[in-house]
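Please go over the structures that come below.
Both complexes below contain chain A, partnered by chain B and then by chain C.
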Partner chain A sequence: MSDTLARPMRFGSNSGQPLTRRDGIAKVTGAATFAGDNSPEGLLHAVFVPATIARGHVTYLDVESAERHPGVTCVLTPQNRPPLQGDPSAKPTMFSFRIEVLQDDTVRYAGQPIALVVGETLEAATEGARLLSPRYEVEPVRTSLDDNEAFGFEPAGFGLPAGAEHGDVEAGHAASAKSVDVTYETAAQYHNAMETHAVVASWDGDRLTLDMPSQALMMSCAGYANFFGIPPENVTLSSPYLGGGFGSKAFVTGPQVLAILAARMAGRPVKLMLTRQQMFGPVGHRGATRQRLRLGIDENAELTVIDHEGLAETSTFDDFVEPAANASQGLYAARALRSTHRAVRLDIGTPGPMRAPGEASGSAALECAIDELAELAGIDPLECRLRNYAETEPGTGRPYSSKALRECYSQGAARFGWADRPLEPRQVRDENGLLTGWGMGTAFFPAPMFAAEATATLRPDGTALVETSAADMGQGAWTALAQIAADSLGLPMDKLEFRAGHSSLPDGGIAGGSGHTATAGGALHAAGTDVVQQLGQIAAADPASPLHGAGNGRFVARESRIYLEGDDTRSEAFADIMARTGSAEITGSGSASRPPEDAERHAMSSHGAVFAEVKVDPELGQMRVTRLVGAFAAGRIINPRLAESQLMGGMIWGISFALHEEAKFDHRSGRIVNADFAGYHVPVNADVQGLEVITVHEDDPFVNALGIKGVGEIGVTGTVGAIGNAIRHATGRRIRRFPIRVEDLLAG
Partner chain B sequence: MPHSITLTVNGRAHEVHLDDPRVTLLDLLRERLALAGTKKGCDRGQCGACTVLVNGRRANSCLMLAATLDGCEITTIEGLSEGGDLHPVQTAFIENDAFQCGYCTPGQIMSAVGLIAEGRAGDDPERIREGMSGNLCRCAAYHGITLAVQEATRRMAKDEMEDAA
Partner chain C sequence: MKSFDLIRPATVQEAIAAWEPGASWLGGGTNLVDLMKTGALEPGKLIDLGRLAVLRDVETLPDGSMRIGALVSNADLADNPEILRRYPMVSEALLSGASGQLRNMATVAGNLMQRTRCAYFQDPYAACNRRAPGTGCDAREGENANLAVLGWSDACIATNPSDFCVPLSALDAVVEVAGPSGEREIAIGDFHLLPGDTPERETALQPGELIVALRLPAASSGFAANARYLKVRERTSFAFAIASCAAALRMEGGRIAEARFALGALAAKPWRVSEAEALLAGQAPDAALFERAANAALAGATASGDNAWKIELGRRTAARALAMAAAGTPQRMPALPASVFAAQAGEPAHV
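On to the complex of A and B.
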């Protein structure tokens, strides 16, 4: 982050350590520039008008009043919106969603943009938007899972997940000595990164410059270019910082397209920042689910079958079905496994991936259902999970690339004090008479890789420049990726200049799916290694070098020296090699992705165990998570400080899922009634106490060259179930609907 | 109706000509005074991202109309470490990893500075959690935030004692 820091670095050196964030000073001084902080010369402000009905047509907009308002420069409606080259209903790539860009007067969900007002000031544009006073022709709405018919589908692309089936499911049911048949529900949730979606767009001829938070810079460039009929390379996108993403900032959105269009029409830069309320609609969400789990065990409490059916909401016009049932694949050693998905079309914005898509909702239900079985069998929940420990991937029999889940269970249980847990529920009260319960859940998340590229340039002065368009949305890419690059080049951190977050750099891929550190880090590692091999070869060819003649070997770099691998007696300093050869700079490039044969050979996942203590007021039903211990095995941890923060963040998302978050619909109007931070609850500081994270050592020689899995999402999984199970243990009540509310505990 | 007010922002007096009575303190800072360090998370007093100090007390700047603040003294995140040395709260935030994306951070830090000045929480974690609960963090860096405020509180108390001695 050297290019944006106003002050010299005082924190952050020594590769391999739990470094503090390299962008720390920028972030604590207000110098970190988020998209909406930019105000180029001649800036106009845009505000979009969200539909206040969920289905029907806009019949009237008071354009005249809006246009007359002082300072309003343009009112964009379906009547006057200039043509766009891209078709908003098309899905040109796997990750494209259908969007609303004023293509007609139809309203498909509440919060959909129905007009855009541009003004000289934010105040003028805001008032102009209000003055439009839309009128509608309203049609009946469908916003609950029971409001429309469920349908099955052929798996396709990104939004229509394939299920899976292994073994004889019917035989598994028949063979069970005991079984549960339970249905769990999870609520619709909205990402709500603290930074709302924003864009500052300026045009210069057919060149477009965007300041915009993006989890996938190159994909965003191509996506927006498509709408304006320009080649992707004409788009310059800067996204040095994202104020949180959680899956919502990887895709093209309608409001952002409209702001870019407004900038082109005005010939001036335009800024659009969504309001908090506008985050509940056009920018994705985690769809509500209803999941039926039918699980059977034999006399030894070994699973004969896991049969997991997911029902999820999607919009009337596009497909993103929460792949919740797939959370039951890959984890427990059931003799037969089945995951199926169905969907319901509702008058809502299209759902999308939100932190641990599928796994979060699926794990919530699965981990509770496993506890229900343990209770039936009369055994401890941890014992039940150990009896069903999968040594190889269930169904496929593939070996895991690594799996230290047993260690997660034992270390987490020891730290938590799990051994003292009474088997029966409602046994323990604390000194204040609060019901106290302990629950656990297994955490599980795949370790994918995408594709990324990077370059590294070693300069004659002994410093290096490394570049990739990676995005830091808070996970710590600025720091962890720089650490990887410094290691591969054998340089201390202060000799490294790291550039990221800009579309002019090599494609850093997607920051998502818990695969960014492995992927972008892999590319940086490869680029650094390339430089080191080049430098080694130069030395090997030089009779004056101690490495002369070693050209058949491989080279490694440490502390600004090149060594012949396996022979520490032969080495030479970078500076000496470069000084002698007079070579100006050495540039290497690298890329990373997972070879398909590697993916075939091993099952690759991160694992963990989460233990929760919950206290419940017996009269009032108030619940508080008072302790939460998570032990996670996620391959090699590049920076323990940042990894622990991410894991904790994920676990707090688990608290949120279990006890707080829910978009509440008025099913008559189809509007979300709690679409702001007063009504849509996320945890505050006072909701979080007694949090502990253990990172369990795991060496993984197969997952990728660096042995990295990923920690971004796994913290959410396991935690939700652990809290649900702790509430059961505290109160004797089994609530099968998330979030669990006071009224659920008070009811009958 | 144009309206002029005098504001002291981070120690500098500003003569502000308001051509629009609707401008909030937050938008004044961000859009008109080029002080975008203060963030907007909700624009209606529900998240704390816009926290600044007004006459030494923490306030949600999105809820204040600039026109009502004639003569006030405002401190924003940009004014906390003038001269190049970080404020103890800023240092403690870095050392305790009290943020991830950093978007809520200016507000958290200003809120922490205000809380410490209020002297109501001391270094008691439960009171700090309560006192910091007007500031949402979606990345959920709360564990680090509480540690950072505790640490800064102690450091500042120690510095004060040393200064007094």
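On to the complex of A and C.
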């Protein structure tokens, strides 16, 4: 403990504490109300009908039978759907997707909504939906990467990723003493948060109230308002709890728009909640990729070139191309680097960002390819990575704002016992005869910031209220954010009232991109600091205060006292200042975003190293990850318990990516044949063993005022490759397709 | 979900009287209700057997056989001390199936009657001869990686997914049924049917018949000291088998006096081959012998799609299960029942 205390406490004592989730008890006791738990007076239930073909047209719906079913109040089809003010095929903002809201009879993918049935009960609406018995005109479907022409595109930000090119790539190829040219494939994955997408919509004139899980409250308000021709401020969105989001709850979706429309038509509140099966289509997914990596090294195993070509699926009507090849951009010091993206249009729902978009799929392929190179060079995989350690950002030469990756490698390797690893594959068996292999991967994720606002109000009784609309996806954001807020005000946690998850509060920005704690936390910190400065000025102007005359200085707060910065002898308690000067509440506000010049000056990323042990039955091919050690440097850790839990969650996702998750298509019908949790596998407890997380200290003065980078997504990266490499090491088999299956290890 | 009538009879006689074409028996509902939700099955009437307390007993009969009521839950049966002692691989197979919650709900009869996991059977919009006779079989050219390599027909390549049924088959269980024309018994080997041209006929039950009990013969407990179930799967727990084997040996003086083994997940019924078992009788256990027996059991196996790999996996699974049985039934149920990782020490239980 002593060295923890010796560290400078830049931001007070609440941060750094492993507090448990503030909403934990409410959640485990069921007191927490998720969106779908709300049932206002007069509620109707909506059910959408998913298309069972993937391409073609709806030619017939038995509306009459559905309408006749007792309890059905309304059947919405392209024939009678009232106009919407927003154009579903427009993209009004950077983060908009085109959606299907019964604009025509065209079917673009299986699972697309083709009608909405509203009823007095969920059962009535469900049966009404069944009775519609759609008929179709079917066209041939394309659901595999080979089913359509690949195309290149002009990068256009979100959805159409830019590649990169640095140095002379052809020269890099020519200069290589050894090289690999390998193609890796990753499967389509569907977010499938535990809580499926839901909405309870109520209208009062032209004011709309939504109970809806949202990773981006203000963006959602604007997004939904757009479709109904009302100003965003007419939308009140409440999202107190989310049962996970993973990127899929940040966007406007068609089914939710239809439910809101149904509520307006009925003049009654309407609830819609997707079934598990309905999650496989209209609410985004991680697109399948095929990635070709051509890497070259010189005699010293230093990279002469990284040439990473990504091919990814997108839909026929919108663009989201998994930016997989970008994972190669900021990591290894290759003399030349090229990352490019191409896409294939398929009859599928539009993919979208899913936990570590780009980096997860790209890192899976890159880290395996690096392993293949190390083997070719006859050196240890960790040594290979150290020889190619980037001291500055590859290509741009920008310094890193901070980068403790070397420490991640060494601490992770030491904890794992990596030094004992035999170089050759298929050398080790455990006491039960199982093949045992060790593999590693580098973890990497950018540290972005978005924009957020917050307010803080100090009350005369010594308590404070802080407010921001920030979302908590279940990862504990509200706890970490409250810790930051309390520190900014110099208050203990129990003096802090924290309000979030509601659109009436200041814009808390987006919970995504691993930038939420940095951004919303930055805004809260700024708001608290504003209050402290105001109170300091009040004291400075008061002859009776020990701070009198200090008005040119800056103030800091600790333990409910204001101090003159740099002079601990001059301070006064909040309560004394406020009592003497008769101040009522003091309200401050703050915002956070990253100034462009800061973003220019430094490369900003989290880093890590993941080490995996797998065991494989030599004859039967069944695999299991038996140990997983991840060491991560992600700036300042506000709450070690929650950060570790996030990192562990990411690593478990890595297990899932490597060994389990795959949406399987029937390539004739275009339907996903395993669209439920019996068929769509994710790891269960027995698949997660020996999981350890180390957070490596990193003091980053440049990334933002609080030195926070982010831990939400990086755990997925590195892990997938580490597992693939461990399977290679265990078995001698190199499998270049994720997830790796028993049959892959049996073949041949 | 289509509307249906729910009947809750108080006696077996009432239950049988309530049956009519289009009606289904309801056990724990863990399979039937799922299929009703997807629309794959649309029974007009559910006859809930839940109140038939007489079907909840597990008893040892005077002749030493054990009789298990149709409504005993999978969880209770797995934990039954007599079953654990006399037919340990039945418990091991049950505990390797589904999850704790599901096993609490699932009944013995429901497990025997559970439907194939073929994706197209579950999808009402797919062509499936088993669900809708004459419509075709979408699995033939579709997603069939985990479908049959033994006993399939052009009409249907589905597998029976049950773990429980595999040791039942090896142990010569008997199914007791009751129906409009009285009671009768069906040997487990005759209970599940291969598809042939009529895949819609899945079992030997006649319309209106229900399972009332299962019987495990007294003689079958003679294998208790050398009986194992092995299940290969795509994750460590909570996954259906991709190949499994229940192997039981009666050892005498270091030699195999009698052997029984059945394979799961490879055909529409647990697969038992008497010639393969006969190869083992009188022999001393060794790996080459087990391989020969496994080869004999898989004789005639052919891929029905992208599943040729299951043939070799089936062989290896059988050979391994026989070796595990020869090594002896463990004193305690492994923390990971039926798993290739079962020998891992210090593991928390993941049943």
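Criterion: the second predicted complex is superposed on the first by the 732 of 748 C-alpha atoms of A that agree within 3 Å, B and C clash if a C-alpha of one lies under 4 Å from a C-alpha of the other, contacts with A are read in each partner's own complex, and residues count from 1 in each chain.
Throughout what follows, contacts are C-beta pairs under 8 Å (C-beta built on N, C-alpha and C of every residue); 3 or more make two chains touch, one makes a residue touch a chain.
Note that the structure is predicted; figures quoted are calculated from it, not measured.
In the superposition on chain A, contact is made by A:127 with both chain B and chain C.
In the overlay built on the shared chain, the residue A:683 is in contact with chain B and with chain C. In the superposition on chain A, no contact is made by A:207 with either chain B or chain C. When the two structures are aligned on the shared chain, A:558 is found in touch with neither chain B nor chain C. Of the two partner chains placed around the shared chain by superposition, chain B is the only one that A:273 touches, whereas chain C remains out of contact. Shared-chain residue A:135: touches no atom of chain B or chain C. Touched residues of chain A, counted separately for chain B and chain C, are more numerous for B. Touch criterion not met for A:697: it reaches neither chain B nor chain C.
Of the two partner chains, chain C is the only one that A:659 touches; chain B does not reach it. Shared contact residues on chain A (touching chain B in one structure, chain C in the other): 123, 126-127, 678, 683-687.
By the touch criterion given at the top, residues 1-3, 34, 38-39, 117, 119-120, 123, 125-126, 138, 141-143, 145, 232-240, 242-243, 309-310, 312-313, 316-317, 320, 336, 339-341, 343-344, 350 of chain C touch chain A in their complex. Of all the residues in chain B, the ones that touch chain A in their complex are 20, 22-23, 27, 30-31, 34-44, 46-47, 49, 76-78, 80-81, 84, 86, 90, 93-95, 97, 99-106, 109, 125-126, 128-130, 132-146. Across the complex, chain A meets chain C through its residues 52, 123, 126-127, 130, 277, 432, 434, 615, 617, 619-622, 624, 659-660, 664-669, 671, 673-674, 678-679, 681, 683-687, 741-743, 746-747.
Contacts from chain A toward chain B in the complex involve residues 7, 10-11, 20-21, 23-34, 36-39, 45, 71, 121-124, 126-127, 192-196, 241-244, 246, 273, 275-276, 472-476, 641-642, 644-646, 648-649, 652-653, 656, 676-678, 682-689, 691.
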